[in-house]
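In what follows, a structure is listed as structure tokens, so that the remarks can point back to it.
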Amino acid sequence: MVVLLVNGKFCKDPTLATAEDFYFTVLNQRKETNNPFGFNVTFGNVDNVPGLNTLGLSFARADVGVNGQVPPHYHPRASEILGVSEGTLLAGFVSDQRLFTKTLNVGDVFVFPQGVIHFVVNIGEVPAVAFASLNSQNPGTIFIADTVFGSNPSINPKFLAKAFQLDSTIIMKPRTIFV
Amino acid sequence: MVVLLVNGKFCKDPTLATAEDFYFTVLNQRKETNNPFGFNVTFGNVDNVPGLNTLGLSFARADVGVNGQVPPHYHPRASEILGVSEGTLLAGFVSDQRLFTKTLNVGDVFVFPQGVIHFVVNIGEVPAVAFASLNSQNPGTIFIADTVFGSNPSINPKFLAKAFQLDSTIIMKPRTIFV
Amino acid sequence: MVVLLVNGKFCKDPTLATAEDFYFTVLNQRKETNNPFGFNVTFGNVDNVPGLNTLGLSFARADVGVNGQVPPHYHPRASEILGVSEGTLLAGFVSDQRLFTKTLNVGDVFVFPQGVIHFVVNIGEVPAVAFASLNSQNPGTIFIADTVFGSNPSINPKFLAKAFQLDSTIIMKPRTIFV
Amino acid sequence: MVVLLVNGKFCKDPTLATAEDFYFTVLNQRKETNNPFGFNVTFGNVDNVPGLNTLGLSFARADVGVNGQVPPHYHPRASEILGVSEGTLLAGFVSDQRLFTKTLNVGDVFVFPQGVIHFVVNIGEVPAVAFASLNSQNPGTIFIADTVFGSNPSINPKFLAKAFQLDSTIIMKPRTIFV
Amino acid sequence: MVVLLVNGKFCKDPTLATAEDFYFTVLNQRKETNNPFGFNVTFGNVDNVPGLNTLGLSFARADVGVNGQVPPHYHPRASEILGVSEGTLLAGFVSDQRLFTKTLNVGDVFVFPQGVIHFVVNIGEVPAVAFASLNSQNPGTIFIADTVFGSNPSINPKFLAKAFQLDSTIIMKPRTIFV
Amino acid sequence: MVVLLVNGKFCKDPTLATAEDFYFTVLNQRKETNNPFGFNVTFGNVDNVPGLNTLGLSFARADVGVNGQVPPHYHPRASEILGVSEGTLLAGFVSDQRLFTKTLNVGDVFVFPQGVIHFVVNIGEVPAVAFASLNSQNPGTIFIADTVFGSNPSINPKFLAKAFQLDSTIIMKPRTIFV
């Protein structure tokens, strides 16, 4: 069987749409952050909020444990607004090799321009929670380490060694974590 | 003097940009809702967050007092995601004359498609707070009553009387509140 | 049966397209305006002119009887050019609560920016006819009174009473006309 | 002096905008068609209707004398809707080398997709008038004969002779009319 | 059977995509230019490189024989970058009836803005080869002579005679070459 | 002095434009690749080809020495077509953690979708040359290692150590090469 897809999602018959299609309710639930990076992201997008189809928006809740981080990543198709609702986060992004960082407390908001590599780190004493909105139905999220060091199959370690100017045995050691 | 404007905002010299340009900090402050409608909206956009320029995003905090409402309005250039952080709100919008409503508690999210008339009403016992993200740098906010009944100069009351099928003296009575 | 729709319309096989698909012929026919508002609009869009699919244009003829009006409405996805071919119309729109109006005679043209609330009123002695072009295949037309006071189900009259600062019994009286 | 231009037009200070900026009044005036092709086009765009700036629309009136034509041309940045208000026009366009034509009487409408070569010919007994709307602020109008045979400097006649498979002396004869 | 098409191409199931879908290998093969114009174009687009779907790019190789030309044409939906890899080409386009031309040797690059009529002529002693990239998945290519003089059915020769100010018998003589 | 910039580039007065503005001639010159990565890229964009302004295209020549590579990077605002004119390159990109690679010989073409991390490595015996076209006037080029490990100021090594699961002293050793 050949599967053919259209660009974008099919729409529900609008006469059958209900308010539930525009509604999402789990963002007040704390998530486990028990992993090597110490974070957990819950997405709200057209897959669980059908009414978002064609609207050009999606959102997320990020739980970041103490000392945890959402590691460096970028969204190829969206800018992001991040607001902190619990704890203290250090937010950072790099543009033209300049690093921009800011400590965010509850009620603070930070903006990540489309396509820049960014990260947030919990620099406080308690678990932190942030909410993000992205201006795309399908923003994409590309984590740097997973993509470069954890691809399937692996990028030739010799190539990566030159690219990152590190020994190839060193560079591939943590690979199992990223795959 | 003739003032000429470009479509959009000028950009700061990027070599002078700092993390402050991407940061906003007043969203954790409660606002007065002591007005006939019982609400107060604080906007974050390119005017107070210069880094938002060209990013296609803006955001807002809405305080809604007990029995208050953000009255019927629409954004001609943006869809909106609304999340509740305090209290209980009834959110509603009308599409093709069908009314979609949903009760939102803390952690609940609702979506308003671009251009639809929508409103939120505090149906709880305590002041409510919601945060909204909009996918435009300049979404526009058009309040129905202010625009139709409070324009300057007024739309001819005789015209409005026929449009709304109400007596023209009745329709113009609350005008002073909307102007 | 579940109906799934793609965003937009399917296209006819282009090898089967004919000149008829790009043609529309009923715009020279006068329409009845015997209703509470005194107008009648005939649309030309992809539903009756298949060749308009994907072109980003649609059009309309408006008949406006003596003392009639096309009541306040907006198009969330299109700007509009309106030209008068018979009679005299007063055209108006509100932007930032400022009212812009102009008397239009035969041959005069007026422009309504995307998303603004606008209306036209026959202020002459004879039936008026106007032609409009809109820069969207699917501009949407949202009549204010029908949407706010005639939705199904109704918006809670208590909420509307506060929003419009009118008594809730008064505001719901003409509802049957808008539903 | 070096002239630098921004892409697009400057905007008037919106607080100084008036209804006149959205208004155009000369479309009811007959124009001379006393030229080799027998037509005359009056444009309404941001140059004479400042309110059209950024709206994505422009319009035109075409007078076409008996036996006259608006010769083959295309708009690189707009689709077009054409409606006939006087006389009888034959409208045609070519897509994938297929010719689509239709006779248009008063009240008839025809659509020209973006970028296709099209033309209208007065095939009636009286002068014809048509109105066109285009979905671009700056649609561009490229007349084939003027562009190919009337450029300054001329395209090398030897190149044109091969391109059109005609003798180069023949092909350059009418050049003075197109320059 | 009625064929219905979506705007754009269906997508392959992404889990089945392979590197072959992003690869094209025939651009190093010389093509015959034995035709009245002396050129041959090989296109690379979504039809033979499925991975191009939705990317907004396509490309082409042009072989142009001695004295040959790619005759005047335009792309309604793309700008073009042309680079020469063999021989010497004269590239030209017309904008606002001004002719811009440039002699291109190996390694030279020239740009054709979206929608302008352009051409290249081999003005060297050897066959020439050029590579072009266009910023649309479906740029369209409209050859002027084929479209205006070779359509099916033909545009009325009397109309063309007036449009090009040539005798109608002369203008239709080479028609068989363009059909 | 405060520098204010418009989004995009100013346009030259079009009446002063010449064919030179659409022309670029240095792409046939071999470039040095004597650096730790073994590559050199020459860009053609609006800065050296003013006619590209607003056209949505730019291009580049890449010289890649023996054993050299264009290290992992992405373009946030453009897809890319790459064609090989000398030597043998291995091209690769990662999408959804899947690695797609292809060996490219002279005349072969490969496509990199917008926003994906990609690289090319010279796997042949001689220096390689490739030409690339990108569908943006300002595609952006973000090299992963330079951005993550060479930013100014540095991202906290402790954060990077956790993100890449490597020792922080190891990870910062090659920093001087990336800054």
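As written, the chains take the letters A, B, C, D, E and F, and residue 1 is the first residue of each chain.
We adopt the following convention: contacts are C-beta pairs under 8 Å (C-beta built on N, C-alpha and C of every residue); 3 or more make two chains touch, one makes a residue touch a chain.
Chain labels with UniProt names: A, B, C, D, E, F = Germin-like protein.
Values in this document were obtained by computation on a predicted structure and should not be read as measured data.
Shared contact partners of chain D (Germin-like protein) and chain E (Germin-like protein), listed by label: C, F. Shared contacts of chain E (Germin-like protein) and chain F (Germin-like protein), meaning chains that touch the two of them, come down to A, D.
Between chain A (Germin-like protein) and chain D (Germin-like protein) the centroid-to-centroid distance comes to 50 Å (mean Cα coordinates, whole Å). Centre-to-centre spacing of chain A (Germin-like protein) and chain C (Germin-like protein) amounts to 42 Å, using the average Cα coordinate of each chain. Within chain B (Germin-like protein), the positions touching two or more other chains are listed as 6, 14, 114.
Per the contact rule defined earlier, chains pair up in contact as A-B, A-C, A-E, A-F, B-C, B-D, B-F, C-D, C-E, D-E, D-F, E-F. Residue ranges on chain C (Germin-like protein) touching chain D (Germin-like protein), taken from their complex, read 14, 17-20, 22-29, 44, 49, 51-52, 55-57, 59, 79-81, 83, 85, 93, 95-96, 100-102, 104, 106-114, 131, 133, 135. Across the interface of their complex, chain D (Germin-like protein) is touched by residues 2-7 of chain B (Germin-like protein).
Those residues of chain B (Germin-like protein) that touch chain F (Germin-like protein) in the complex are listed here as 6, 8, 10-14, 16, 53-54. Residues of chain F (Germin-like protein) touching chain A (Germin-like protein) in their complex: 36-38, 67, 69, 71-72, 74, 76-77, 92, 94, 97-99, 114-117, 119, 121, 140, 142, 144-156, 159, 162-166, 170-171, 173-174, 177-179.
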